[in-house]
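The structures considered in this document are given below.
Next, two complexes with chain A in common: one pairs it with chain B, the other with chain C.
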Partner chain A sequence: MNNETILQVQGLMTEFRTERGIVNAVNDVSFSLERGKTLGIVGESGSGKSVTNLSILKLIQYPPGRITAGQVIFKGENMFERSEEEIRTVRGKHISMIFQDPLTSLNPVIKVWYQIAEALRLHHGMRKKEAKAKSIDLLKLIGIPDAEQRADNYPHQFSGGMRQRVMIAMALSCDPEILIADEPTTALDVTIQAQILELIKNLSREKSTSVIMITHDLGVVADMCDSVCVMYAGRIVERAAIDDLFYDPQHPYTRGLLDSIPRIDRAGGSRLHTISGAPPNLIDIPPGCPFQPRCEKAMNICSKQSPPEFIINGDASRTAACWLHAKEYNNG
Partner chain B sequence: MGRYVVRRLLSLIPVLLGVSLIVFFLVRLIPGTALEMYLGTQVEATPEQMEELKRLFGEDKPVPILYIEWLGDILRGDFGYSLRTGRMVLPDILSRLPLSLELTLFSLILALLIGIPLGIASSLRQNSFGDFVSRIGGLLGLSLPQFWLAALMVMVFSRFRGWIPMGNYVSFFDSPLQNLKMLFFPSLAIGIGFAAVVMRYTRNSMLEVLQMDYIRTAKAKGLKKRSVIYFHALKNAILPVITVTGFNAGYLLGGAIVIEEVFALPGMGRLALYAIYQRDYPIIQAVVMVIATLFVVVNLITDLVYALADPRIRLDDVVR
Partner chain C sequence: MADKDILLDVQDLSVHFPIEKGILFKRKVGAIRAVDGVSFIVRRGEALGLVGESGCGKSTTAMAIAQLQTVTAGHIFFEGKDLAAMSPEELRRERMNFQIVFQDPYSSLNPRMRAGDLIAEPLRIYARRGIITLSEDEIRKKAASLMDRCGLSSSFADRYPHEFSGGQRQRIGIARALALGPKLILADEPVSALDVSIQSQILNLLKDLQDEFDLTFLFIAHDLAVVEYFCSRIAVMYLGHIVETADAAVLYRQPMHPYSRALLSAVPLPDPRRERKRRRIILQGDVPSPSAARSGCPFADRCPEVMDRCRLEAPQLQMVDEEHEVACFLYASPSGFAL
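Then we have the complex of A and B:
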């Protein structure tokens, strides 16, 4: 039971057709998620982390978005071979999502309890009254004071943190096996952020829910995750267990990210590290490593050929897509 | 909300005062006075007779004085007498008002029944052939003048087909079916342009709403497409349609005035039209006052409906 894989994403490709050309938002991404574990997906804006996760539930809007290759295996079944109707019954019941901005992600003209109750009525066949009672229980669980009265409120009557709590109640209403949290704290105050993360952590531990935590904040990753995938330009450039990532980063991009975090234990006065340049335009990705133009350690081969994911130290869950590791790869 | 309604109704006072001022002086700017229209060109009258007629037609005093007298009268609920028939103005208007209101309401309902479903369907198949056809149809509906459409309908459906019962108007309360039959085509003629407006608003608003984050949330919950579109999306997309409906209800009433004439329906509009031909000032003035009142009331109703539909609006906070 310990290492049971609940979700597996393999060779996922998602593209967007725009007027200027095809954007390869997700380019051959694979990862797996174990039951009860928390996987972090880190990357800067536009690295394809949100699109990857929207693709899992086929929530990419077509047009312009389209999943062109890959499979998502949830409990042994390939989701992409299922009908739209079958995927619909997975959404919200087995896999649910929390989004970045709770204000725009809640329907402004529908009462809060009703929005929570919808999934319960749909997936568990609850009656309206029963679902309302359960919604109020959920609101209490996530720490909304006066839940009975607040249930009849509308989203705009809640504060940002409370709204995100409502989103969490909504996502967890049907006890899903997987919770995908897409930057759940980005739109919130710092003080509220910690509370929300704590809430997600506790609730998912209690029910041994697997979590995919999408974020650009390495602090969140350190706090929440068991393992991490670092994404850059639609690809996973490094994957590692949490400690390995922070203590022994292998990809120059990851190193750059870690160096750009201000640290209290370093001598003051030194300038904070930055990664120069900007992420590549995803419309025509140049041949070679997408990080090569910004990489301090770029070699000849980097601009010619895109590196595969090299396995490090013989551990399949520890990879880096960087030519620096080609030797290790060849040796073992 | 009660306070809000009272405040809005109080705003009727300055509105009606302004309207009364404008209409009173404006109708007198139309060339030809009531008396001249009455006499025509052939009548010879002695100066004494003319004096008497002028007094009867209320043309013996300067206009500002007349205005103040008239204002005093209507404050006491007296809208005066028709210069032509000599009958009291208000009962005449009130007896014809129901038909005009029914026509307006009926055309409004027709427009919404046509416009909203078409708009939704169009938005769901954006840039498809069907969307294209309904947008072109909408543009056409918007561009066709009501009176032309009405005349065409009278010709085709009444003369050749006999679908529109002509002759004496039957009230809804006497014979609902006959009444609706009589009013269907007139209402269609009035409402078709507005149906196009509703269609376009619904379509654009739906397209915008369907991009919203909360629609993604609704889908992520596993909701059926039906409830995503008709509940989550439509509940938001309908808001601008409510606003535009409120604005246009007044114009539909204006449309009714012209269309009543084409279909020979004895409504308030027809009364007003003949009053204008004959410069029957008291009737014109009273009709305009009634319409202005309706306009304000309709706008108030619109705001109340909007507040019901959008919980973010709290009327008592709105400063006007």
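Then we have the complex of A and C:
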């Protein structure tokens, strides 16, 4: 049961055609997810973390977006070879998503219970009455007080935290095997964030749901995840088990990121470490390593050739896409 | 009367927004108490952080201080002078001394103005009114030097805001706020719209500028780690009230108000080993509506340590230690009535 790979993403490439040129939003991304585990995908805005996960469910709108290469293997089957009809049975039932902004993701003119019940009626063929009862159960499960009455409310009558709970109820209604949470707490206050993260943690533990947690907040990653992929300019630059990433980061970008966040558990006052410059424009990614113009340790080769993902300490799940590890690669 | 060290003195500030009903004949049916009896001081040279969750009134407080928001009650003294009692002309002169850095570097800059002009604009306005005497040439030079100082090449002076990244735009916003040589900067979430790697650049810049120009900051943010890094003293707000003020280090080591404690414990640390060991205080429910009239403590509905008394009367801010004030009955003197 343990270590069973449930989802595998291989060589994923997604691009968007815009007036100014082709944006390579996701550039050769591979990772795998094990049953019952939580994988974090961290990166700054525009690093491709959301597009990666939308691509998994083929939710990229064409045009302008297009998945140009790669495969997504869910329980041994390549999702990209399936028909739209077949993918629809996977979405919501086996793999579901929680989006960042709970206000725009809910339909404002449809009652809350009806929106939760939609997936139940579609995937499980439940009748209206039965689906409503199940929806109310779900609202209770996620901690909405007076669930019977609140089920008949519209989304605007709910607070931001409650709306995000509703999104979670919808995502969990069909007991999915994978939950993709795309910045689920970014729009929320910290005390509400703590409630929502606790909820996701407990539910995934109880039902051994695998979770992909997309976030820019390294604190959330430390709290929630078993392993992490760090993305930069559409590529995975480092992957590691949670502790390795925080205590032994191998890519200069990860190291810089960890050093540059102010932390409440450390005394303030001293200057923060900074990463100079800004993330590259994805239309015009510099040749070689995308992080090279901002990297303190850039070498000659970095601006010429893009580094492959080097395996660190012989552990295939621990990689860094950085030429600094080239020697290690040769030895191991 | 005023202590020379006190730059800004806010006394019992309230800002209520009326809730109106009716189309032709509007009548007031209630009020949103965005800020409800807030008092604090900001000393010369310090950075006071105002933290709290969305809707707690921290930005409204800043706008009221900047005289950009009508005050319902209370007084704001800047260097001992009551800002509300000033004529528009006097206020304009005084405004040179307190400037704002806004949260959103996208909507706070006029997209049709060039970066150099955006920074020079306050200087031009004040020169035109004869408040400062600078020639156009001097203004341009000053704007260029401000750009350089804020980490923007002055060769970018002819570019428009959309040609800059978010972090660079925030640098323009900062240079613009510095143009008139203010003593106090009201920084309203200056880094929350920025990416992590850019955030640290801007925070370092603000810190350097504080030393260089002897600036005093009222720093508003919801990110506790950012506030702790930047500020020497912190005031925690909840539902229009200040519930605790303390030295930054003291507050983080030893928060006293149950809300401050919950707030701090809710922040996830980027340290997985400690994170696994931490016990988190999870507050129940949501922040209540600020329009409801309440007689007790604003935090009573969500407080894990609520007592009967908390629902009946509102606790006042009380000194519990040097530089440490808390509004909570847990720390009231045993005699019961601590007033």
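Here is the rule we use: the second predicted complex is superposed on the first by the 326 of 332 C-alpha atoms of A that agree within 3 Å, B and C clash if a C-alpha of one lies under 4 Å from a C-alpha of the other, contacts with A are read in each partner's own complex, and residues count from 1 in each chain.
Simple rule for what comes next: a contact is a pair of C-beta atoms (placed from the backbone, for glycine too) under 8 Å apart; a residue touches a chain by one contact, two chains touch by 3 or more.
Bear in mind that the values here come from a model prediction, so they are computed numbers and not experimental data.
Peer 1: Quick one: name whichever of chain B and chain C touches more residues of chain A.
Peer 2: C
Peer 1: A:V221 contacts which: chain B (first), chain C (second), both, neither?
Peer 2: The second partner, chain C, only.
Peer 1: May I ask you to decide whether A:E44 touches chain B, chain C, both, or neither, giving the answer as first, second, both or neither?
Peer 2: After superposing on A, A:E44 lies in contact with chain C but is clear of chain B.
Peer 1: Touching A:L106 in the superposition: chain B (first), chain C (second), both, neither?
Peer 2: Touch status of A:L106: first partner only.
Peer 1: Residue overlap on chain A between the chain B contact set and the chain C contact set?
Peer 2: Comparing the two interfaces on chain A, one with chain B and one with chain C, no residues are shared.
Peer 1: Considering the complex alone, what residue numbers of chain C touch chain A?
Peer 2: Counting only chain C, the residues touching chain A are 53-54, 165, 167-168, 195-201, 203-204, 207, 222, 224-226, 228-231, 248-249, 252, 262-275, 280, 282-283, 285-287.
Peer 1: Once bound in the complex, which stretches of chain B touch chain A?
Peer 2: The contact residues of chain B facing chain A are 212-214, 216-224, 227, 231-232, 235-236, 239, 309-312.
Peer 1: What part of chain A is in contact with chain C in the complex they form?
Peer 2: 44-45, 145, 159, 161-162, 189-195, 197-198, 216-223, 242-243, 246-247, 256-258, 260-265, 267-269, 271-276, 278-279
Peer 1: Within their complex, state which residues of chain A touch chain B.
Peer 2: So the residues of chain A touching chain B come out as 54, 57, 59, 88-93, 96-97, 99, 101, 104-110, 118-119, 122-123, 154, 156, 167, 170.
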